[in-house]
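Each of the two complexes below includes chain A, the first together with chain B, the second together with chain C.
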Partner chain A sequence: MMAAVVFFAVAFLAFLGALALVFHRHPMVAGLGMALSTLSIGVLYVLLRVPFLGLFQAIIYAGAVMVIVLYIVMALGREETGPRVGSVQTGLTYVAAALLLLQFYWAIVRSGAGPFPEGSALAPVTSGGTSYPFGTIQAFGSLLVSHYSVPFEVASLLLVGAMVGAVILSRRSWS
Partner chain B sequence: MNAYWPIVVPALIKIVVILGIVLTGVAYTTLAERKVSAWMQDRRGPNRVGPFGLLQPVADGMKFFFKEDITPREAYRPLYLLAPFLTLFPALITFAVIPFGTQISVGGQTYPLIIAPGMDVGVIFLLAVSSIGVYGILLAGWSSGNKYSLMGGLRSASQVISYELGIALAVMSVVLWTGSFDFRRIVDDQAGWGHFWFVGPQFLAFIVFTVAVFAETNRLPFDLPEGESELVAGYHTEYSGLRFAMFFMGEYANMITASAFVVLLFLGGWNLPFVNYAWFGPLWGGLLSAVVFFAKVAVLLFVFIWVRWTLPRFRYDQLMSLGWKRLFPLALLNLVLISTLLVLRGRP
Partner chain C sequence: MTITLGHYLILAVFLFTVGVIGALTRKSAIIVFLSIELMLNAANVVFMAMGRYFGQLDGAVFVLFILAVSAAEAAVGVAIVVAFIRRRGTTDIDAANLMKW
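Coming up: the complex of A and B.
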């Protein structure tokens, strides 16, 4: 009961933030909308019994990524920019977004995933002879450095590439 | 619904008590700031309101309350009004996960001295909430429609982001050492025979953390965001009355949080050498541990004030190069050292 109330409240906030991101013409408000949305999704992770993942979501998306985005918006000035609602560009964006949403919906329906049965035990993670309960930071950590270590490292390589690219692009001259 | 009461009622009592202590602490830290600075400069400080000026915070509060609340014509009103809340609320929410003592037992029930006792990732919660506190500063600076506010907001945001790295890395070294994100575990690891306060074994992390915390709370010598001589008052230049008071309270509440964070991670929490709180019985032992904890926090608050009135302000580029070229590599080095030590020692 409690969980349902929290879920709908938070889902509403996430949706509201997403709407602000897409429709608000003020880049600062749009950015704040996205921050609200990411924070609300963090709370949803807590409801899914992985509290620290929700906190990391808050640190990384709301605390780092969106702060940088807003920082840049701030440095750029206070004009309301962006294409007018109703132009060809926005029309194409809506079509693309709708297609993406349909694809997500199809993928979820196809996967046959349903809600967790209330009070069910989720599979613990076993690593190196010890088993950690689902949703603990230990379980997450051992999965990250064992089963998912290759994707994790590949992602870090990608980020290093992006960083080097940003440094090169932002350099004015090679003196 | 009955199942909720035994959880909700003690939590509400703890929230009221802690908010009372913190807000009184904020009020009297502002007075201490003025008294200590007066003492250091051989002045008398505020001494007109009440005995020894002790009622000065009340007078300040009344003044804030009756001042006109001005919104500049150029301001973007919705965000201008929202920003002070976004500064004060994160500063106060952090106290939910800060344990302030062992536990007290009354009438056969044991109550741990923390608002959210089930939180075993309190350290991450604190980092997350403090990383969200930047929004208030950013929005205040941007929405005021004033170039000084904007510059203050930009500076403050980049400063806070830069020094958060140092904080997170220093925290990680303590977390590696104890193997837990739980404040209570971290404090317990600093108690008893053969255990030291982490200021000893984690000395580098302590240095990095303390310096970074000064920058994170925008205190001198790192108070560039509001450097009077260049930026009037930085991001809160345009604010007046109660909204300004919220920024002000947010800053001091952040100081208390930061002091509590240092005490919990490095200064043994509520532990004292050679003292076992079990000697004093279930009620008095718990209360005594809370008193010791707040006394340690008060000492650190004094250090904050002491440093502010001793050191001159850095230049902005010096601040950034200290953060990125000195503290950040030092924190990384410390992490490598600690990890090596842990591997050599063998994890329990």
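Coming up: the complex of A and C.
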């Protein structure tokens, strides 16, 4: 019961933040709406029994990414107006969005997605003779450096590439 | 009432649809960029809910990778926006017409 109340409150906040991002005229309010939405999604991760990823979400998204974006918005000032109205592209977008919503709603209701399993259905991760329960950071780390070690290294390469690219792109002169 | 997998999926679909509307109708490059991040977040919710539903932690690992990719995307995207403001003095994506024909 309590979890249901928390879920609906957090889902409402996430949706409200998303609406503020897309439909508010002021870019600062839009950025803060995005921050609200990402923080609420972090709370959803806690409800889904992986609490430390909720913390990662708060630190990386609502911390790092949002600070960068709000910095840009502040440097830019308030030039932006709301969404486009009346063009062909806008009309097509709303039609496509409505179709997308209907299609996924139909698919989800048809699939009969049921309640979440509890207890022994949550598989533990075994590493080095020790078994770690679902959702702990030990289980997560064991999985990351054993089964997913290659993607892990590729992710670090990607981050280095992005850092070099960002430095080169923001140089003042192109000569 | 119990919260089922369907509730999480419906929420993710709503967030994704709002992100699509934002990415296709807004004029500011920053808002378009944030809308794409919102769509990534919706996909993250699906990964987490599915991982919980099947009792496997693999969904959470994928969420971590998506977080890394979107942090890299944010760094490069913000650098592109800064370079664009420097050259054109605006973030209006209609001003990015150099490669249009």
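Please note the rule applied: the second predicted complex is superposed on the first by the 134 of 175 C-alpha atoms of A that agree within 3 Å, B and C clash if a C-alpha of one lies under 4 Å from a C-alpha of the other, contacts with A are read in each partner's own complex, and residues count from 1 in each chain.
By definition in this document, a contact is a pair of C-beta atoms (placed from the backbone, for glycine too) under 8 Å apart; a residue touches a chain by one contact, two chains touch by 3 or more.
What you are looking at is a predicted structure, and each value in this text was computed from that prediction instead of being measured.
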{"item": "First (chain B), second (chain C), both or neither touched by A:Ile137", "value": "first"}
{"item": "Residues of chain A touched, compared between chain B and chain C (which is higher)", "value": "C"}
{"item": "Which superposed partner A:Leu101 touches (first chain B, second chain C, both, neither)", "value": "second"}
{"item": "Touched partner set for A:Ala9, first chain B, second chain C, both or neither", "value": "neither"}
{"item": "Which of chain B and chain C A:Met28 touches, first, second, both or neither", "value": "first"}
{"item": "Which of chain B and chain C A:Val67 touches, first, second, both or neither", "value": "first"}
{"item": "Contacts of A:Val145 with chain B and chain C, given as first, second, both or neither", "value": "neither"}
{"item": "Touched partner set for A:Val50, first chain B, second chain C, both or neither", "value": "second"}
{"item": "Contacts of A:Gly165 with chain B and chain C, given as first, second, both or neither", "value": "second"}
{"item": "Chain B/chain C common contact set on chain A", "value": "56, 64, 68, 73, 75"}
{"item": "Residues of chain A defined as touching chain B within the complex", "value": "26, 28-29, 32, 35, 39, 51-52, 55-56, 58-59, 62-64, 67-68, 70-71, 73-75, 78, 137"}
{"item": "Interfacial residue positions of chain A with respect to chain C in the complex", "value": "1, 3-4, 7, 11, 14-15, 18-19, 21-22, 27, 30-31, 34, 37-38, 41, 44-45, 47-50, 53, 56-57, 60-61, 64-65, 68-69, 72-73, 75-76, 79-81, 83-84, 89-90, 93-94, 96-97, 100-101, 104-105, 108-109, 111, 113-117, 121-123, 125, 134-135, 139-140, 143-144, 148, 151, 155, 158-159, 161-163, 165-167, 169-170"}
{"item": "Interface residues, chain C side, partner chain A - complex", "value": "1-11, 13-22, 24-28, 30-31, 33-35, 37-38, 41, 44-45, 48-49, 51-53, 55-58, 60-61, 63-65, 67-76, 78-83, 85, 90-91"}
{"item": "Contact set on chain B toward chain A in their complex", "value": "76, 78-79, 119, 121, 124-125, 127-129, 131-132, 134-135, 138-139, 141-143, 145, 150, 153-154, 157-158, 161, 164, 181"}
